[in-house]
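Pasting the structures in now, so scroll down.
The following pair of complexes shares a single chain, chain A, combined with chain B in the former and chain C in the latter.
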Partner chain A sequence: MTGTGFERALDSVTRVRGVRGAMLVAGDDGLVVAEQLMEGIKGTAVAALAASLSSRLKRAMDAGGVGPGIFWHLQCEQGALLVVPAASGVLVVAVTDPDVNVGLVRLELKRAAETVG
Partner chain B sequence: MSDDVKALSAELARDPQSLVFLRLGELLRQRGQRDAAHRVALTGLERHPHLADAHDLYARILSDKQDYERAFDEWDMTLRIAPAHVGALKGLAFLYFKVGDLSQAEAHLRAARQVAPDDEGVAQALASLEASRGSSGAHPAPVVPAGPTEHLEESRVFAGLEGAEEGLVLLDGAGRVLGGALRNPAGEPVTDAVAAYLAGVSQEAARTARLLGLGNWDGLSAEGVGGHVHLAQPTAESLLLVVRDRSVPLGRLAVLADRATEAARRWLERQA
Partner chain C sequence: MSARAVEAWALEPLNRFVHEAQVRLVLLMTPAGQVLAQSGFSRAVDVMSAAALGAAIMASTGELAKQLGQRAFAAVNHQGVRHGIFLSGFSAGRAPLVGLVVYDLDVSSLGLVQLFFEQLAAELAAASPKDAAPKQVLAADFERELSSSLNTLFGR
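After this line comes the complex of A and B, so read on.
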């Protein structure tokens, strides 16, 4: 997929009201593949943290017999981090306001993950 | 397939959003077709998650299947949506009666009678309850067989946290188990393995929230291929994990987790 293709995949996520930014992260090493973030959000930090948290969560879910994760949502006082892993292992990540429509963001993340493959 | 079932199924097929699933599910339940009733109720519930009658129907089916813990949750949810729902009040009274908590059973039946004074089922149940009390004194013995009691005790302890046998675990900050236990879908105990990883998840969640300027983290929900999990922090030094299969939507799991978190907090305060 081209850089433009990645950007288009992220566009649909960042168009949702309350989404501060979205990015594609390489799940194995936490490097940024593509990003569309509001000013003030450090892409490299988000990528590294999302990948690390995703990997730890995966281990816990595997141990619990729940199987591979297909969506996760970290709820915080002042916002949220939502992640959908694509089949290739790339993570589609969104940083949002606290009152965002989580269902809609989840849907767009899943669509983006399918596009990314 | 009977004509009634056929007709209702056809109507539902024509209009999947129709509330006819309530009649169809109940009819199948009454005919003992539990699996079919379960499917109909669950599909209806997915389409109408805020409909009290849908939760009530699902609870009755779960109760028939002796899945009392979930039936309790469903009737509890019904009452959250419709606090005067007679079916849910009767259902919870039945479950309390089964575990020998006659006071709670009576309280729910009296609430049901207030809403539906002409309901003969409620009057009969109250009469049976009074007869039970009369025959066994002020502290009657539990009236349920061992299996279901065990399940319900778990459900009740879930509210108070000690002794939950599956689906719920409370850990300290170092990943040591304080209460509850987890089993994988095959029924094997996995508490220790999961606990070992959860402390790392919690630390990473806190670090992520802090570095992103999102404040403290309140919860972490995850959807897996084989189930849903929700992680919360009852206190700064503890972690609570609730696991359910995929029939429990993530949003509902968060509601269950909130209740469990409160219970865990109270439990931890009592231990202090």
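After this line comes the complex of A and C, so read on.
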């Protein structure tokens, strides 16, 4: 997939009202693959910490015998972090307002994850 | 294992970096290979080898960048099956320094190391003494200086 393809995959996520930014993160090393973020969001920090969290969650899920994670939603006071892991190990991450339509964002994240592969 | 430092001001930022980035080994040194602080090493000979190899890699990549007409590379990362090695130069007030970091891929990641290394560099720059001149080590004193540094680093 090309850089333009990655950007297009993120477009559909960032178009949802209340989404402040979306990014593709290499799950193994926590590096940013592509990003569309509003000013003030520290992309590299979000990517590194989301990937770190992902690997720990994966271990917890393995230990619990519940299979691989398909969607996480971390609700915070002033926003939320939503993540869908793609089959390739890339994480599709959205940073949103607290009152975003979570169902719609999840749908778009899943579509983006399918596109990314 | 806690960090040890020849330069005491480097200790707190180094300990914080080790804790936050969850790395296995760290060596802070000058581009010439003179060690300022270390974390995770248990033998002096390993510190000496790592410092010499790290300094050599920085020198050769620096020269490579020069040949390409570029500024020195910001960082070099080498990823193996289980471990990653991250080597980066930075400025900490008085003089340029080099950080060599070894991390387990199961526990940490390049992204985390890069993220917290930036913080480490900023904290070291803030903590380093501003007025002291860099200490010159003469060839005649080199062995004594090296022994003294290693004794400090390994608490002897």
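We take it that the second predicted complex is superposed on the first by the 117 of 117 C-alpha atoms of A that agree within 3 Å, B and C clash if a C-alpha of one lies under 4 Å from a C-alpha of the other, contacts with A are read in each partner's own complex, and residues count from 1 in each chain.
What we mean here is this: a residue touches a chain if its C-beta (ideal position, glycine included) is under 8 Å from a C-beta of that chain, and two chains touch if they have at least 3 such contacts.
In this text, all values refer to a predicted model and were calculated from it rather than measured experimentally.
Enquirer: When the two structures are laid over each other on chain A, do chain B and chain C clash or fit?
Expert: With chain A aligned, chain B clears chain C, so fit.
Enquirer: With the two structures laid over each other on chain A, which partner does A:R17 touch: chain B (first), chain C (second), both, or neither?
Expert: In the superposed model, A:R17 contacts neither chain B nor chain C.
Enquirer: If we overlay the two complexes on their shared chain A, which of chain B and chain C does A:A63 touch? Say first, second, both or neither.
Expert: In the superposition, A:A63 contacts chain B only.
Enquirer: Among the partners chain B and chain C, which is in contact with a greater number of residues of chain A?
Expert: Counting residues of chain A touched by each partner, the higher count goes to B.
Enquirer: Angle at the Cα centre of chain A spanned by the Cα centres of chain C and chain B: state it in steps of 10 degrees.
Expert: Seen from the centre of chain A, the opening angle is 120 degrees.
Enquirer: Touching A:L49, do we find chain B (first), chain C (second), both, or neither?
Expert: Touch partners of A:L49: chain B and chain C.
Enquirer: Touching A:D28 in the superposition: chain B (first), chain C (second), both, neither?
Expert: The second partner, chain C, only.
Enquirer: If you take every C-alpha pair with one atom in chain B and one in chain C, what is the shortest distance in Å after superposing?
Expert: Between chain B and chain C, the minimum C-alpha distance equals 10 Å.
Enquirer: Pick out the shared contact residues on chain A: the ones touching chain B in one complex and chain C in the other.
Expert: 45, 49, 52
Enquirer: In the complex of these two chains, what residues of chain B are touching chain A?
Expert: Touching chain A from chain B are residues 182, 184-186, 188, 190, 193-194, 196-198, 200-201, 204-205, 207-209, 211-229, 243, 250.
Enquirer: State the interface residues of chain A toward chain C in the complex, per the touch definition above.
Expert: My answer: residues 25-26, 28-31, 44-45, 47-49, 51-52, 55.
Enquirer: Could you please specify the touching residues of chain A with respect to chain B in the complex?
Expert: Touching chain B: residues 40-42, 45-46, 49-50, 52-53, 56-57, 59-61, 63-81, 95 of chain A.
Enquirer: In their complex, what parts of chain C are in touch with chain A?
Expert: Counting only chain C, the residues touching chain A are 79, 105-106, 108-112, 114-115.
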